[in-house]
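Dropping the structures in below, format is structure tokens.
The same subunit A turns up in both complexes below, where it pairs with subunit B and then with subunit C.
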Partner chain A sequence: MNTNKFMLVGDDSAFGNLTAREVYDGIADKPNDAKVEVVESWEKITWRRFCKNKVAFWSMVLLLGIVLMAVLAPVIAPFNPNTTVGDFDAAPSAAHLLGTDDVGMDILSRLIYGSRVSLIVGVGSVFIYALIGITLGLLSGYLGGTVDGVIMRITEVFMAYPHFMIIMVIVSLIGPNMMTVMLVMGVMGWPPICRLVRGEVLKVKSMDYIASAVVTGYSPYTIVAKHILPNVLSPILVNATFGIASAILMEASLSFLGMGVQPPTASWGNMLTSAQSLTVLSEEPWRWIPPGIAVLTAVLAINFLGDGLNEAIGGDSK
Partner chain B sequence: MIRYVLKRLVISIPVLFLISVGAFILVHLTPGDPADMYISPDMTQAQIDLTRSALGLDKPWLIQYFEWIKNFFSGNFGFSFSSRQPVAEILAQRFSPTLLLMSVSLLAAYLAAIPLGIIAALNKNSWIDRSIIGWTFFNVSFPPFFLGLALIYVLGIKLAIFPTGGMVVLGQENDIAGRLMHLVLPVVVMASQFSANMIRYVRASVLDVLDQNYIRTAVSKGLSELHILFAHIFRNSLIPIITVIGTDLPKIIGGAVITEQIFQWPGIGSLTVAAINSRDYPILMAIVILSAVAVLLANLLVDVLYAVIDPRIRYEK
Partner chain C sequence: MKETILSVKDLTISFQTLDGKISAVQGVSFDLKKGETLAIVGESGSGKSVSMKAINRVLPKSNTKYEQGEIVYEGRNLLAISEGEMEKIRGKKIAMIFQDPMTSLNPTMTVGMQIAESIIKHQKMSKDEAMREACNLMDLVGIRNPKTSSKNYPHQFSGGMRQRVMIALSLACKPDILIADEPTTALDVTIQAQILDLIDELKQKLHMSVIFITHDLGVVAHVADRVAVMYAGRIVEIGTAEEVFYYPQNPYTWGLICSMPSIDTKEAILYSIPGAPPNLMNMPKGDAFAPRNSYALAIDFEEKPPLFKVSESHYAATWLLHPNAPKVTPPAEILRRYEIFKSFYKTTEEVEVYDQCTSSFAG
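Up next is the complex of A and B:
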């Protein structure tokens, strides 16, 4: 729980009648046989535990690199990604490090710009559904009763549709592009996080500090926003991290099928669309292997990051 | 038990109703008139009106909805816009390839995943455990289209061991070995995704069971390790396994969109892609509803199985 700003190690009785605060502030003399650790804040502990997980740490570094690449795309991309800048279907060369595609666009530049689409759609859609899911989950868990019943039925309806298929159908019916992909994924994706938040709220709701907040006369709004929400944030964070990974995968899959981001806008997914033709697949591997590896790397890194976060926060470490 | 099943069925009726309304709204909110497919430019207004009323499009939405539901329950899903064949007939044709692909994939995934999950749990935190867990991360992160293309590239084209797509070679429909060869690559793609989830659930579940007192009792009684593994650990870790099967089962209908598309597998998934591209609403609507119904039925099945395996669940509700 993040309210624990300090931690005492050792036998409690060793402190005699000192309050924890006195120990913490270093006012009191240190009892001889007590191991007093004036320990770090919750954030620091979490950070230290996170860094112990080497895979998660380097995944995070890698991700920062990808974010940097997306932000600096206009600076680092050698060519304009959406126009013809070279020969058609040219193999990698000094001028075009990863070659060109069937209309002479530079693969490397498209790859760099494609990271923007992946990150925007991934983070954007998760942000939308986390917002909806957290709000409804808090309402459902805190209010209970009819509100809870109605919201839970709605989540059942949403979860009954096969996720990928329904998103694919809706996106292609309203017109596929980056914004619609992000919006539809956001609007359809909230039920799992809603249920997660609801479950966490139910756990926290029975705690003494909530009861005392109610007795003290805080408004329900304050209790939910200041007392409950901060204490359910960790599992939400972990869930959202994994969510970004699957959102990036889904965007790439939709774009691959031609039902997501449309060319000439470069997305890692739609760069692979042409590889459905056996000629491209076998004769021009430079056109489809780099974007495939890009999706794999980004998604893998985010999943490792989520796993590291989960462990550091003290979630299910099994 | 029967009362429990009935209760569960009754609860899913409103959900089913909302699902059908959702699908209906979805398809009717889309731009363009379904009748456009039947209307040619040289038709007179009277002919157009006649077509529209033949399709029932001149009636109010509410009536259209109820007629559609009524037909749906009598197995009449309408006619495909593009091929003019009955939707039910098309779906029936496409269903068995998907069923074949998915059931083989699930079976292969579980046969690999359950032992791997148990091995990982029994060797917790060892390098074996770490590599198995790392492997699951790879599986869930590998874009299915990239995995499929890479497999076709290496094993289908360069090494030419497996066919690059399709279900049979034309004219050799009875060649069992050939059919099996066509199955291998798509099954690998599907199974790699299904197995990852299962491995993690099995591992977590076995770890839970290992902590239980009755396992310590069994060990201290001197029971053999194999006996403990099968009679005590495996049986008790079944419940989460059923949960995973419950989330996997509904995917049998619509879960293989990408794999089917890449391998030109003539199933429901590739039909969906084709129907979207040709705006074939009757087919889309039928697929969406049938797959939602499959999800509901699978949930029901899982709950009933829980109740069968663990009688405590029945009495709690």
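Up next is the complex of A and C:
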């Protein structure tokens, strides 16, 4: 049966009575029709890619847990966090799972309420500086020329000063509390994001689809809002995520130094203040280990989440 | 004679750069008639894209200088009106398609929305109506299942399909003039013909005038009614497609045609014009093409040739057409084309007009 080696095995009946043109069209049509079925938005694709990164995914779950804890603080906290509810300096027990501090306040309840401060300050300050930074960055990148020059010089002035010191000075002038810390960090933190946005705008501005938007007759406002902004959002999102982590750290540092959230209001940072004392550090670990771990996990989780987002959006992951 | 819809007069544009002034366009004039396709042909850097972008005024504002000239559309000089007025003309009256469909669509917006947005902006329709209109347009340009595909993002389309979307987008407001800036250069050869046919078909349906910018003479032959050849910022020859292809007068056009492969080409090595286009920063004195021109006359190095009239519709900028110029013999390929041209017009009276022209130049 070797005679059939060269037999035509393709189904030539498929061509039937069609002309070559019709056959060609038929072949040309198929991929298009096939493609039309797939309606998957950019968000869905990013989400799918993000979920493949297990560390990032579980970090997000952990963060959602922290957010839930902050929101439900009054429900889940066993005691009022800001008053004396037990013995001073009591080690963990059944009544006070994580012990009490030097004025007899419940550490667990303070830890739970402290998450509120960290999240509000973290998200709030990033929101403020992202708003300023994105606006100025868009203006600077899109308008160029003198506007760009002025905004960039201001940015450089802001970046040339030691950040932490300025914040400490301002906070001590206005008086330390959660709102001032958040506002000051928000107003001081915009230059990096402004530069980032400006760079992205310059990149996107030279793309053909912006030229195409111009020749379609859109106003500069529409072009910036609908065609440039959505295309520079991804790097901003990633940057903002990391920004939240550093804002939480900054708040903890300020509170640790007594320049942030003031007791009796609980914050992870001012709970750590107790660790300044050698006795507490060596003999009462329940007073500083829990807030320390809380800051560490929150910041690590946010950074992993940021990395995951970066990979999912950037498209250069394995 | 069809009525003129757009008239460019003596357009001169320069760019200010750190290295000095670049004269990109130097005194370009042409008329665009209603319903015709005008092809503008030239090498990279010949000023074809720059002069077309000037029509829509989308050149970078910071370093572009419109030295002189005007672009007249609907009785107004487009170079003199305000930016707000211009926004009403862009897209609605004069639309543009770009070279690379892969980068000309906004990647973060569904294609249907991109088309609809233009309709909402210019025709003041509601979003639903505009979306329906967008689907109609996508159907018109041959995209299947417009309802479903309008909800897709550009990356889900192939290059040819994206160019169809671009065309739908540019047609959204039924413009009078469509400027297509090398619309097929980035596409596969198999798709090119489809897109050219599509533009041609839509031109007929919507009664548009089309300006085609290209460096591909094959494309020109396919679509153009009239052809303008540009070199170093000037129009060196302009005429109907037949005239430019079969009765070319400018040695540069000869060079372009000879360097185009055809089924009849017998030589093993394809002709190419020697040398490179001149640096637009310091243009040589006289005819910019003279250094590369094997038919160059002494005067070419002294003085720029004006446009000589070959026929009512055909002009060429070469001193060879001057009554005192010596009679030269064009390359064999061009002579072959002259024969075709003559046989083509033998039955019409036009041939006499052309013969008169040649004889007067020869004498």
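Remarks
As a convention for this text, the second predicted complex is superposed on the first by the 276 of 318 C-alpha atoms of A that agree within 3 Å, B and C clash if a C-alpha of one lies under 4 Å from a C-alpha of the other, contacts with A are read in each partner's own complex, and residues count from 1 in each chain.
Quick note on the criterion: a contact is a pair of C-beta atoms (placed from the backbone, for glycine too) under 8 Å apart; a residue touches a chain by one contact, two chains touch by 3 or more.
Computed from a prediction, not measured in an experiment: that's the story for all the values here.
Applying the stated contact rule after C-alpha superposition, one finds that A:144 touches subunit C and leaves subunit B untouched. By the touch criterion defined above, A:182 lies against neither subunit B nor subunit C after alignment on the C-alpha atoms of chain A.
Of the two partner chains, neither subunit B nor subunit C is touched by A:238. Comparing subunit B with subunit C, more residues of subunit A are touched by B. Once chain A of one complex is fitted onto chain A of the other, the partner contacts of A:209 are limited to subunit C, with no touch recorded for subunit B.
By the touch criterion defined above, A:252 reaches subunit B but does not reach subunit C.
Within the superposed three-chain model, A:166 lies in touch with subunit B and out of touch with subunit C [touch as defined at top]. Touch criterion met: A:218 reaches subunit C, while subunit B stays clear of it. Touched by subunit B in one complex and by subunit C in the other is not one residue of subunit A. Partner subunit C is touched in their complex by these residues of subunit A: 29, 31-33, 35-42, 144-145, 207-209, 211-219, 222, 226-227, 230-231, 233.
Subunit C makes touch with subunit A in their complex at residues 56, 58, 62, 87-92, 94-96, 98-100, 103-109, 117-118, 121-122, 143-145, 148-149, 151-153, 156-158, 161, 166, 169-170, 172. Those residues of subunit B that touch subunit A in the complex are listed here as 14-15, 18-19, 22, 26-27, 29-30, 137-138, 140-146, 149-150, 152-153, 157-158, 164, 203-204, 207-208, 250-251, 253-255, 257-258, 261-262, 272-273, 276-277, 284, 287-288, 291-292, 295-296. On the subunit A side of its complex with subunit B, the touching residues are 153-154, 156-157, 159-162, 164-166, 168-170, 172-174, 245, 249, 252-253, 256-259, 269, 272, 275-276, 278, 281-282, 285, 288-289, 292-293, 295-296, 299-300, 303-304, 307, 316, 318.
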